[in-house]
Amino acid sequence: MQDSTPFSFTLVITGAPYSSQAPQSALSFAAAAIRAGHRVDRVFLYGDGVQLASALASPPSDEPHWPREWSSFLEKHGIPGVACIASALRRGLVDEGEQKRYELTASNLLAPFTIAGLGEWVEGRMSSSRTVYFHGSD
Amino acid sequence: MQDSTPFSFTLVITGAPYSSQAPQSALSFAAAAIRAGHRVDRVFLYGDGVQLASALASPPSDEPHWPREWSSFLEKHGIPGVACIASALRRGLVDEGEQKRYELTASNLLAPFTIAGLGEWVEGRMSSSRTVYFHGSD
Amino acid sequence: MTEIQTLHILNKSPEHPRFARCLSMAGPEDGILLIENGVLGLGAASARASGKLMVLAPDMAARGVNGGAESAEIIDYERMVELTTRAQQVISW
Amino acid sequence: MTEIQTLHILNKSPEHPRFARCLSMAGPEDGILLIENGVLGLGAASARASGKLMVLAPDMAARGVNGGAESAEIIDYERMVELTTRAQQVISW
Amino acid sequence: MSTLIVIDQPPYGSWAGREALDMAFSLAAFDQPVSLLFCGAGVNWLRKGQEPGTIRQKSVEKNLAAAPIFGVEALLADGDDCNRYGLEAEQLLDGVTVVQADSQLFTNYSHTAFAG
Amino acid sequence: MSTLIVIDQPPYGSWAGREALDMAFSLAAFDQPVSLLFCGAGVNWLRKGQEPGTIRQKSVEKNLAAAPIFGVEALLADGDDCNRYGLEAEQLLDGVTVVQADSQLFTNYSHTAFAG
């Protein structure tokens, strides 16, 4: 039956949490994909989407904490989450390696997100059966 | 002569650096206002504009570092720079006080920016002769 | 089950320039899925879309929108996932 | 020197819904200052603005725009500051 | 004179409208007269029957219902834009005044601001 | 088949276009066939004579001139949108192909993406 063929997804998020709905929609989509027996190969954060990997976001306690929800989801399902290095550095999102290299006062990347180049996106597009983008709205 | 009456400005920046041109335009405006003998009472960062106060932004070395340029400008002219606390916390921009309160791993607020409530904006509007907003573009 | 050439995922309100462009560039064998702010354009899209029109239920409910729903298929995230696997190409506007 | 009732600072391209709204809400005694992406609408604004039209020189030069400039006053940041002090109200779109 | 805060972006898809609302509530908290204008896609804030629990957001309907209590003077909606989005009078939240958003409107306010 | 990266936002006012360009260059660097489509306000990327030193940004003209060297297959521009922004053929950067951006265009590409 064609319906049961498992697909693999690369998801790209370009909208920031608390500015856009993109991270929320992407999480609902990813959960539904896994429930349907598909695989999520990786999540790539690009542009303003890198803000989803912030370890310091502190929304009011009665609102969902999208970075932590995404972090738990990635860990639970063993999915790599990658923030584009060029987008991340411009926007002040750095891991310990970048902190040292640029002599910054702190790092603020939320595990298990890592920082890497656009090559991760190119590879995702080639190896996954579908790449789906979640952009900011208006 | 009417031209020589000094005015005082509150500037509000709602667009993020490296996503919008707002912080650049606001800085050019602020510099021109001071050259003309006017006063800038305060700069208030709101919404995505709070990203301008990031101590961790690391743009390529051949691009202007807008957070540091703004930081130098504020210090040189003794202008308070204030990031809205509600916008800042949601977006992962915190000072040492908020770091402790929310038990976060780091703080990332660039001096001399401080974090405070919308009351700072209300007060600015009442005490300055003009409030000018710099929003994100499209 | 209908096959879809290209699935267009449209999350912009009808005021955004990408909304009209998406409608004009979607072909008759394509599917247009309204999500997020895109559901606010359900009425406008019903009148103009040449492909198959779909709309994401949770985003509709959130915004209290239902006008124009009779001409669209109302779907959930499970069906959205299925559509992305059925379509030859997926474009997010 | 002309007094301006309201100075409208418009930084959106003509595709953005706020562009048309700004033009339609600006009165004949108002000034409209195009900055950033707004300078791309110089031609459109020249034809439709009822108030006094101005455009920020550095943003024009950056984008290589000059069509429609004959109907607008080309200004620098110093003049922009002056305009904000002359106007009764300043609205940033 | 009063301040006009303008919301022209739809709810839930972005945070700009919520931040505009915070501006209005903040002015009211400091006893500064303030009104809200909903125009463009922003009129969708005013639709009855929003259920944003489906996307795990808080309802803006409740926030708006609290506006008069917090001291916001008026909730204004552009009539043409309400028509454009199929919002009839009975679908609008209580307490909304339908107006024509033109250059005349601004002259009633000393300040006008968008949140972003 | 090739990838189409679409730029529909104008240069300098936001970073989305630059990030779209990086996507195209990155694909080309991995020997993946890629073309760029400029439409809507995005056609303003293609205007000759940009001098963004006035706002302390780097010229996107230079980036685009390098596109063929990096292996980007084509720079496409929607003809109607060029007209809308008063871009005549002689004002367009060298190497741009004017096309009609319709549903037919997409069928030439296996992937189509915006940067944001």
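Think of it as A, B, C, D, E and F in the order they're written, each chain with its own count starting at 1.
Following the convention adopted for this analysis, a contact is a pair of C-beta atoms (placed from the backbone, for glycine too) under 8 Å apart; a residue touches a chain by one contact, two chains touch by 3 or more.
These figures come from a predicted structure and were not determined experimentally.
Novice: Could you tell me which chains make contact with chain A and chain C both?
Specialist: Common contact partners of chain A and chain C, which must touch each of the two, are E, F.
Novice: Can you name the chain that lies farthest from chain E, using the mean of each chain's Cα atoms as its centre?
Specialist: The most remote chain is F.
Novice: How far is the middle of chain E from the middle of chain F, if each middle is the mean of its Cα atoms, in Å?
Specialist: 38
Novice: With centres defined as the mean C-alpha position, give me the chain D-chain F separation in Å.
Specialist: Roughly 27 Å, centre to centre.
Novice: Using the average of all C-alpha atoms in each chain as its centre, how far is it in Å between chain B and chain F?
Specialist: About 33 Å separates the centre of chain B from that of chain F.
Novice: Residues touching two or more other chains, restricted to chain D: which are they?
Specialist: Residues 11, 13, 15-17, 36-37, 58, 92-93.
Novice: By residue number and range, which residues of chain B touch two or more other chains?
Specialist: Residues 18-19, 21, 28, 47-48, 90, 131, 133, 135-138 of chain B each touch two or more of the other chains.
Novice: Name the residues of chain E that each touch 2 or more other chains.
Specialist: Within chain E, residues 9-10, 12-15, 40-41, 55, 57, 111, 113-114 contact more than one other chain.
Novice: For the complex, which residues does chain A have touching chain B?
Specialist: Going by the criterion above, the answer is residues 16-19, 47-48, 51, 54-60, 67, 89-94, 98-99, 102, 104-108.
Novice: Name, in rising order, each residue of chain B that touches chain E in their complex.
Specialist: The contact residues of chain B facing chain E are 12, 14-15, 46-49, 86-87, 90, 117-119, 121-123, 125-126, 131, 133, 135-136.
Novice: Which positions of chain F touch chain D when the two form their complex?
Specialist: That would be residues 9-14, 40-41, 44, 47-55, 57, 85-86 of chain F.
Novice: Inside the complex, what are the residues of chain F that reach chain C?
Specialist: These residues of chain F touch chain C: 8, 39-41, 101-107, 109-114.
Novice: So in the complex, which bits of chain D are touching chain E?
Specialist: 5-6, 17-18, 21, 24-27, 30, 89, 91-93
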